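Next, two complexes with chain A in common: one pairs it with chain B, the other with chain C.
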Partner chain A sequence: MTALTERQQLAYANAQAADGRVNLEFETDEGMTLNMGPQHPATHGTLRIVLKLDGEQVISCEPIMGYMHRGYEKLVEVRTYPQVTTLVNRIDWLGSFANEVPFILAAEKLMDIEAPPRAQWIRTILFELSRISNISLFVGDMALHIGAISAAFYAFRDREYVLNQIEAATGGRFHPNFDRIGGLKDDLPKGWIADTKATMNKIRDFCDEMETLVEGNEIFQTRTRGIGVIPADVALAYGMSGANLRASGVDWDLRRDEPVGLAWNECDWNVITHPDGDSFARFWVRLQEIRESTRIVDQLLDGLPAGPIMAKVPRIIKVPEGEAWVATENPLGEMGYYVVSKGGLGPFRVKIRTASFNNIAVIPWVTRGVYVPDVVTILASLYFILGDIDR
Partner chain B sequence: MEETPEAPAVDEARQAIIDKLTTELGDAVVGSHIQPGHDVWVRVTREAWRTAGLVARDQLGYRYFEYLSAIDWLPSPFGLSENSPTDALPEASTEIVTGHGGGDTRFQVIARVHSLSQKMGIHLKVDLPDDDLSITSWLPVFAGVNWHEREVHEMFGITFAGHPYLRNLYLPGEFEGHPLRKDFPLLARLVKPWPGIVDVEPMPASGDDAEAEAAEATETEEAAG
Partner chain C sequence: MSASLFGIELSYWQVTSLRSLGILAAVLLPAGTFVYLFLFKMVSFMQSRLGPMEAGPFGSMQLLAEVGKFLQKEDIVPERADAKLFKLAPYLVVSTVLLVYLAVPFGPEMTFVSNFDGGIFYVLAVSSISALGVLLAGWSSANKYSLIGGLRAAGQLIAYELPMVLAVIGVVIQAGTLNMQGIVMAQASGSIFGFDGFGNPFFLTQIIAFVIFMIAVQAELGQTPFDMPIAESELVTGYITEYSGLRFLLFFIGEFASAGAFAAVAATLFLGGWAVPAAWADLDSAIFNLLGPLIMLTKMLILGGLIFFIRFTFPRFREDQLQKLAWTVLIPISLANILVTTILKVAF
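So, the complex of A and B:
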């Protein structure tokens, strides 16, 4: 082992000291500092939350992120358009296919091409399957944070059925990398439609089970009702989106309101809202959304049009000069890409607007004055994925 | 953009947004661009940045904040960095060509606000002169802008006047440089050849290209049928 220089030793000691300062719980005039994370289970990765406490009550709270910052906005600038999907798959790793779609749509918008109907329908189906797999895990996870262990096991078991279907169609359980500019990599395999329908029935059973096991549980209700209330105005000003926004009573879903070419408008489903804005509402809205998603998948599978799955695109993809913004309603909320093209092989600048980054910006506001155990339920109910914050 | 029946060349709703902003802000609106049926870009002066946000929020009803970011329009001196690092770097151009809504400077701040009732969004842009990369903060307009401004501050080195806590959001405190600027090299690419370069197949010539594509199209149809 090479000896450390004095400078390196000093830097190491300083880094240790900096960690130690927050890792210690200590009392000052302003109250106690409690460090939650970066390895706390409620943080879904490595988010650190520094809480200033007065007894059991939170005076102030500061989320510290960046432990998983991978610099995707810089990395995509040295990649070609088809290579970008591999990267953006890893943003929200529980709903990967949904991350690819808005980027591909933005590139297609700039190139002025449109995928054939069959490709759009399969995209929508896979999009909803990622939503189901993502959110069913949330349902188990939220119960876990409140102390109900068994729900998490059921959630992991039933999510696997959906992942199997995604794997059967795309070849990847977590990172399909299946979407292409102009269409899809492949058509659906034989027997997939019937299998998926059977899976949707299992997922509906899972929802029933969760409703009786978790939602109706008295302890669960006491821990979540009236906790972490976010009014609609605050949610809008912070740019919250997805189920978090709908749980505050805002009737807004990009799937219905700005469907950007995918097949959501072809079938009959409902946008779920809840007026309360508390942790329970956020849980309830997501559980209902799984049901709606299974309805969407069923209807799309019934009406799946025949035809090609790829539009005519050049072999070497060059995107003409321009700027485009495309956002879709991802499992975690609104995800958008602002793509600037200078007419080259790769994008000039891509701004990735992720849902969790805006969703958790509200944490300092909503945790003020709550009790420490409620911080955990609020974090769990806001439902963020670290990859979706840090990008 | 080509004219199609589905997307009329004149987008009255989006033109109305620009007209309204021009009435409220006067000369402060210095550029605009409409993509009919899709989007609208409005470029305002630096002095009017916060006013533009307030007008959009209170008088136009754009109450939903989506994001705030910046664009560095300097052409990258490193190109795509796809080739071997021993090759000479591409000819570095310093000509600034900005996008929709126009612009005169290297750095632009861009933000998007949305109206849920009108189901439309606006992109607001603003130029920042190179010698003074600062702008008024949007914190009084949208609370959610806080972290976005911190991110832009560390990634581009743009200061937001009136933001009380412009500490690094993602990067370590002592990090030097602003990574998303175009002249900040991506060192991983410069010190090691891009591994993807080895399995790039030679592309067919343009004549074969059309044939191959036609063959592929029939294949796909067969598979779908």
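So, the complex of A and C:
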């Protein structure tokens, strides 16, 4: 438990003041109801947010989701284990490879097999690449929501380099479907390592560019500093995870704290935290995490072990009876699969824990008393993917 | 009343129709140029893409294609909307721009109202009418986003009309006249500390007023960082959310034509308008009726480029931050500028 900073204590006081106001306003039933979404540019997807406004000030706010519910947990039950990765790719569609990994790891845990080291290292590299492609889009998206259009285009441009590398290795830009129980589908193509290193340099340049263009901009700072402060204990109470939690000053990263057999422990990197817990902190933490990811990828590429990429796995995969829970630190936060097997070809029941679902639960808490533009800032800084909320 | 153009005597109606055509050209030409040059091309290059390339060479006919598209679209008036006001609003916005151009001189005789003594006063007065159109659009659309956008626009206008007027007062004091033609002449034949090689363009001596004026123009036009009335990511598109087809096109033209109009006003006030420094050429010669508009257009493009460069670089302020900037920073500075200008004017 981290101590509350001054800014976080201030947010507490503000929230309590807003609480008093909320009760008053509900009794008088004044104000205007504004329906943000399900079709709205700021919710990038079909999240609906019902705002009760007094002028432009938010009295209360209620996120309503489920407009894009696709029933993955049910769909998974009628598929075999190898078929599931195709589906779960689409949960967080911007970091798709990262969605496959925890499920495959859970299945491997049940079958008691372990992928060979080379496969695990490549998994980690691709995991980090999908993190970079996911978060670099966030950087542009956040700037776009605050009104700077050009940064979004730079983000799309530089994310393309990473997608090219993912495509070169896996054949799929968005939905690789590359992870297999016991290893990977293919080995890396020729020349991929050098190309990826060059790409990592480009991404570091992109981070520099964004630091000067967006983060260093005074208007961006006035719009984000002190806006949407989430104190550490509130963040923990709402079950937030990932960069949102680290931006509130909680030093918690599953990559370091619960290494699940991937290669994060093999290299030297830092968990980034920020004490403020405001929108700026969330932006800053994510931007720094891209840098850390490029460091991880570089080091893993240098020390990539030789060997097979597939363990000995039976042709027809039957998972023995049992239950397993594996969670990893995905781009959006903690993502986990609780797999229940009855010994059949497919899972009996799968519970998917996605990060965005818990991350947006804090919206009513954090938007009390702010203005409409700040709601957009907060939504952008919390960074959710609709598929990750509704799944 | 009769006038002569290149030696040909013209009767009153001929002069009037020529001037009306001139005004239309003055409104539509810069608007089209701004859209193509800045919105399509400059911004695309800023954002590492090519912009329109299909319609005509380098997409130069894209504008016509866009206009054609908007003309074909269904004309929708929302059911709950106040139909009369809803239809009136875009025309109000566009006509404001036409009114602004009336007082801007484009050459020694290239003005609609020649020798208009209250010129700049009139320009500042009519330029605020467009806010009325915006407010009407916001109110009559029967849409909450539109309403918030319209109210934001009104608040923004009140806040930024003042620094704009105060910035202009510095220029007026230095030129000693409200007449736009007089301001142009004062710059062309002026001198800085006795050196009259390039006249006295006021953006040198009134640099503070120039900066404040350009900031106020940015806010008045509703361009980023002051685009809260539109604010795509918050209010969908603010007061134009419900508009489609021709009326949307009118708002679009209004936006870029008023960018042109304010660029023209700023060019006249600070960059010497249609004239070149008097030391370079005889400004009374008839050739400046032809050269003047071209010189003016060049200066407008420079200022328009500045406006759109800022628009596509910066993020957006919040409404209360904008008000704070106007009332606590810009207005005190422009008042101080007036004071200093007055003292220096008396001293020299």
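The rule is simple: the second predicted complex is superposed on the first by the 362 of 391 C-alpha atoms of A that agree within 3 Å, B and C clash if a C-alpha of one lies under 4 Å from a C-alpha of the other, contacts with A are read in each partner's own complex, and residues count from 1 in each chain.
Everything that follows uses one rule, which is that a residue touches a chain if its C-beta (ideal position, glycine included) is under 8 Å from a C-beta of that chain, and two chains touch if they have at least 3 such contacts.
Just so it is clear, the structure is predicted and the values come from calculations on it, not from any experiment.
Applying the stated contact rule after C-alpha superposition, one finds that A:M310 touches chain B and leaves chain C untouched. In the superposition on chain A, A:A361 makes contact with chain B only, not with chain C.
Of the two partner chains placed by the overlay, only chain B lies in contact with A:D257; chain C stays clear of it. Looking at the shared chain after the overlay, A:E100 reaches neither chain B nor chain C.
Comparing chain B with chain C, the partner in contact with more residues of chain A is B.
Residue contacts after overlaying the shared chain place A:H40 against chain C, while chain B stays out of touching range. Judged by the touch definition given at the top, the superposed model places A:N217 against chain C, while chain B stays out of reach. When the shared chain is aligned, chain C comes close enough to touch A:I146, but chain B does not. Contacts of A:Y154 after superposition on the shared chain: chain C is touched, whereas chain B is not. Touching of chain A by both chain B and chain C, each in its own complex, is seen for no residue at all. On the chain C side of its complex with chain A, the touching residues are 43, 46-49, 144-145, 148, 224-225, 227-228, 231-236, 312-321. The part of chain A that touches chain B in the complex is made up of residues 65-66, 69, 71, 73-75, 77-80, 83, 109, 112, 118, 187, 233-234, 236-240, 250, 252, 257-258, 306-310, 312, 314-316, 321-325, 327, 334, 336, 338, 340, 342, 344-346, 348-349, 351, 353, 357-358, 361-362, 365, 390.
Taken together, the chain B residues at the contact with chain A in this complex read 2, 38-39, 41, 63-67, 69, 71-72, 75-76, 78, 80-82, 97, 99-100, 110, 112, 116, 119, 121, 123, 142-144, 146-147, 155, 168-172, 179-180, 186, 189, 194, 196, 203-204, 209, 212-213, 216-217, 220-221, 223-225. Residues 32, 34, 40-42, 56, 143-150, 153-154, 157, 213-214, 217, 219-220, 222-223, 371-376, 380 of chain A are the ones touching chain C in the complex.
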